[in-house]
Amino acid sequence: MTDSALIAKFAVRQGDDALVLGHRLSEWTSRSPFLEEDLALTNVALDFVGRARMFYQYAATLTGGDANEDTFAYTRDAREFSNLLICELPRGDFAFTICRQYLYDAFALPFMQALMKSSDQQLAAIAAKAEKETKYHVRRDTDWMLRLGDGTEESQGRMQKALDDLWGYTGELFDVDDVDRALIAEGIVPDVSLLRDQWLETVSDTIARANLELPQADWKAAGGRDGIHTESLGFLLAELQSVQRAYPGLKW
Amino acid sequence: MTDSALIAKFAVRQGDDALVLGHRLSEWTSRSPFLEEDLALTNVALDFVGRARMFYQYAATLTGGDANEDTFAYTRDAREFSNLLICELPRGDFAFTICRQYLYDAFALPFMQALMKSSDQQLAAIAAKAEKETKYHVRRDTDWMLRLGDGTEESQGRMQKALDDLWGYTGELFDVDDVDRALIAEGIVPDVSLLRDQWLETVSDTIARANLELPQADWKAAGGRDGIHTESLGFLLAELQSVQRAYPGLKW
Amino acid sequence: MMNDNVVALPDEHKFQARIDAEEKIEPKDWMPEGYRKNLIRQMSQHAHSEVVGEQPEGNWITRAPSLERKAILLAKVQDEAGHGLYLYSAAETLGATRDEMIEALHEGKAKYASIFNYPSLTWADIGAIGWLVDSAAIVNQVSLQNTSYGPYARAMIRICKEESFHQRQGYHIMMTLMDGSDEQKAMAQDAINRWWWPAMMMFGPHDGESAHSAQSMKWKIKRRSNDDLRQQWVDQAVQQAHAIGLEVPDDDLTWNEERGHYDFGPIDWDEFNRVIAGDGPCNRQRLAHHKKAHDDGAWVREAMSAYDAKRRAKSSAA
Amino acid sequence: MMNDNVVALPDEHKFQARIDAEEKIEPKDWMPEGYRKNLIRQMSQHAHSEVVGEQPEGNWITRAPSLERKAILLAKVQDEAGHGLYLYSAAETLGATRDEMIEALHEGKAKYASIFNYPSLTWADIGAIGWLVDSAAIVNQVSLQNTSYGPYARAMIRICKEESFHQRQGYHIMMTLMDGSDEQKAMAQDAINRWWWPAMMMFGPHDGESAHSAQSMKWKIKRRSNDDLRQQWVDQAVQQAHAIGLEVPDDDLTWNEERGHYDFGPIDWDEFNRVIAGDGPCNRQRLAHHKKAHDDGAWVREAMSAYDAKRRAKSSAA
């Protein structure tokens, strides 16, 4: 693959992560525990949809032809989506959504900070915007981790279950494959495998402060980058793409 | 409209009822309270999908052209679907599913019996097959009404709530519009408005035997025959049609 | 007891004199109980409308047909949640708590804009809601920017700014559809067919039949009559519809040269009353949806209180 | 105590003699405890497999791309629930209750076919499951039609009849796809790529490494060795794949003229063991799904018992 094909692939992966996670967040709209949180979750969903658009737009300029941001979002099926599994898991209860978001954002922060140093100007610029949002997300997530972890017995129980259920999906955040390796070698993308220790330290600290236990089980689910998803993604895409698929090729 | 266009419209409406209700039933597969019931619900779902196919096939022969049963099921959007609202409501808990099924099947039995006398041979034949199945469905539903209505406090509460939530959707079962009136006049379809008293008597009796109360509120939701649905139908169709819409015009 | 009445009268006169002089009433100012109650009713109803209004639109966020539209819709719904917050806060300055207002909603005592009891069935409905419903809201809200209660008037000013974006975005969806395929045009026409009359009803009953109107006008809680606002909206919406080739579903609609306004057909007040009374297509779903979210979130709110209590205990112990 | 052993020995001899003579053991017959336990393990595992197997396929019922396929798939999944019932009933003849077996499943003590821990991601997977998984099941089940335990053998005979339909229906899906568009062909090839090796693993470890094999063969709970069955399946599946233009994802696959069989590449036993141990792609979802359905249905089962108790009380009072 040429560099630009590799970069496009990387950008699509990042776009997929952001779109799918943004979709799950947007499912909370009008369903949050209280109005301020409805606003906040919708706002975070919007950040992720915005991030998806930036990555897809860049991928579209690299691949050329008729592709635009919507081509990536609306005309690929589940086997072609390359998001990490953690992003697609059904939203679950509020504890699950908060834990997923924290575990992901705590990764996204150092990741975007590293990507800001990319030799690719466009990726660096997207990362800079994402990094600003992520700082706010992490602060918000951390507050919730503490409040719900150290809240009531029920909230603690729900949080611990969510952490345990999610833990095996975090390993995939730090996987590196041939696409990554080629880009890492050229200083275009950071080596995520090197971010794991820092992430684990941050996360362990928050989990401890939240009166929760670090999950011990060392199972790991992976496959998202190769389009091997959980069965939930197909349903998500059926919904997300329904209008475009029913009326293909139109402007909206 | 010509007679055959009217009959086709009627057949599509019946097909829509059966397909959408069958879809909701099929959502129970692998999710029932116990294995025998999983088998039974899947079996009833299959009956309804089979019924949808018979009505759609007949509609296809009447409309001619390239239409086949799948054209009706897979290429129309929510505004074109003409099923009654009661058929599309989300499956809810097991009590909701049972009550919906009972209220619908208790209507379907006299309806199919009357349709068996249609001057249209094909409709009469479909009705005869549906009537046989419906007899079994009603027996099954009635057993469940009694068991859950007169079971525990919890089951009774759930059943009463389900009945109350469903009641306003039953009025539409007995609505008659211009399409119906034209066909009734020719002895092709029964006048459903005449079936209401008998239905109410049967249903009231079962509800009383089940230790439940007949809902008193006289609200009524309608619009399904004109494609004015609840917001849930769009999601149902997005899922049902997803493969066909993503890969249009192929054989499977 | 007698005494109270005697004392109250001069206050009421003074209060009305301030109103007449276009002074703003502020939370700590004296006000008649009826003024307070009426305002709480009106503002909480307005707040509930913003919040319940998230539902028909939220319904299409996950299915928006382009990422740009998805982002715009998310931002819009987020604004609505924000408007709900402004309005609850403004109502709270009058001593009503949010919990009380939400309880009144769940018990069916408090209303919300009856238009949100209609289902959003196609993507074009998102256009129609933004265009027709938000423009109707703006016409009403602009008139409330100089309502007599200060916090309410200030909330209206903020809200109006954002709503005008929404209205333009909604109209843009309709324009794009009318510029598209036959299916898209039909979808747009179908949407205006279904939303036109409910939007007309948003302005409420005719002036003569409006329960709260006369006193509200005197108190300047309301600034313009229902019929007046409705006429203004019709005049602008009809022109916008025609500009992009949409037909208005009203056979009686004609330009009245003499009045300088559109005449329009009779409104189906039976439908209006039925929907207001709880028997619209989606009343039950809307309330059940709001209640479910509230109930599902109970443990979260409890955890927050518990956490705060622990923190306070710790900091006072330290 | 000693006495028991002494008494038991002749029984065991007699029992083995009956087995050797191909007599069927029936529920009320004497049998060694190990025989009973092993059978319960094997039959409940088989029953759980039918039930958990509803999930990857049920996943596509609501999305089946034609009504005919939807009906066929519903009927298939219904059959599987039925097979589960036969097998639970057969296991119950040995004194195990369904509740105990389900509890063992939820606690991770009882297994189910590890292939159901892979996700069904496209419609072609429904073809691949029906064709590859059901044909592997049949190869195994045919050999069990003359297993030594009567109720098990009879359940197998009923099941085999139905499974052969399923296998043909699955293959027909693959045929149709391979006869379709490029996208459909790619979808079919992708499905065999993902399901081939898990299907190979369905026959279990090599004969030398199979924990229960030797004793089970002696008791005729098992009739043919894992490797033997696997070879039979490979020989037939490879020909079926090639017949419709599918490539088998095994670079080492070659026809061995001498053996009269296909040679095939090494199986990834690490993966097999990992998935068996609970770390496959869907193990957690499958168990959580089954457990949730069971828990959600608790009130229904309780209501049934309460109703039955009331009826019994009434009829005994009458």
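Each chain gets a letter, A, B, C and D, in the order it is written, and its residues are counted from 1.
In this section, a contact is a pair of C-beta atoms (placed from the backbone, for glycine too) under 8 Å apart; a residue touches a chain by one contact, two chains touch by 3 or more.
These numbers were taken from a predicted model, which means no experiment stands behind them.
K.L.:
Listed by label, which chains are in contact with chain B and with chain D?
P.N.:
Expected: A.
K.L.:
Could you tell me which pair, A-C or B-C, is linked by more C-beta pairs in contact?
P.N.:
Taking the two pairs in turn, the one with more contacts turns out to be A-C.
K.L.:
Work out the mean Cα position per chain and let me know which chain is farthest from chain A.
P.N.:
Of all chains, B has its centre farthest from that of chain A.
K.L.:
Rounded to the nearest whole Å, what is the centre-to-centre distance of chain A and chain C, using the mean of the C-alpha atoms as each centre?
P.N.:
So the centroids are 35 Å from each other.
K.L.:
Need the CA-centroid distance for the pair chain C / chain D, whole Å please.
P.N.:
Measuring from centre to centre gives 59 Å for this pair.
K.L.:
Taking each chain's centre as the mean of its CA atoms, how far is chain A from chain B in angstrom?
P.N.:
It comes to 41 Å between the two C-alpha centres.
K.L.:
Could you check chain A for residues that touch two or more other chains and list them?
P.N.:
Each of 77, 234, 238-239, 242 in chain A touches at least two other chains.
K.L.:
Using the touch definition from the top, which residues of chain C touch two or more other chains?
P.N.:
63
K.L.:
Testing understanding: with touching defined as stated, what is the shape of the graph linking the protein chains, line, ring, star, complete or other?
P.N.:
Here the contact pattern is something else, fitting no line, ring, star or complete shape.
K.L.:
Any two chains that touch count here, so list every such pair.
P.N.:
A-B, A-C, A-D, B-C, B-D
K.L.:
Would you pull the chain C residues touching chain A in the complex into a rising list?
P.N.:
So the residues of chain C touching chain A come out as 51, 54-55, 58, 61-71, 74-75, 77-78, 81-82, 84-85, 88, 123, 173, 176-177, 179-181, 183-184, 289-290, 292-294, 296-304, 306-307, 310.
K.L.:
Would you tell me which residues of chain D are touching chain A in their complex?
P.N.:
Touch list, chain D to chain A: 56, 59, 63, 119-122, 190, 194, 278-279, 281-282, 284-285.
K.L.:
Please give the residue numbers of chain B that touch chain C in the complex, ascending.
P.N.:
So the residues of chain B in touch with chain C come to 77-79, 165, 168, 219-221, 223, 227-231, 234, 238.
K.L.:
Residues of chain B touching chain A in their complex?
P.N.:
77, 234-235, 237-239, 241-242, 245-246, 248
K.L.:
Okay, in this complex, where on chain B does chain D touch?
P.N.:
19, 23, 26-27, 29-39, 42-43, 45-46, 49-50, 52-53, 56, 69-70, 73-74, 93-94, 146-148, 150-152, 154-155, 158, 239-240, 242-244, 247, 250-252
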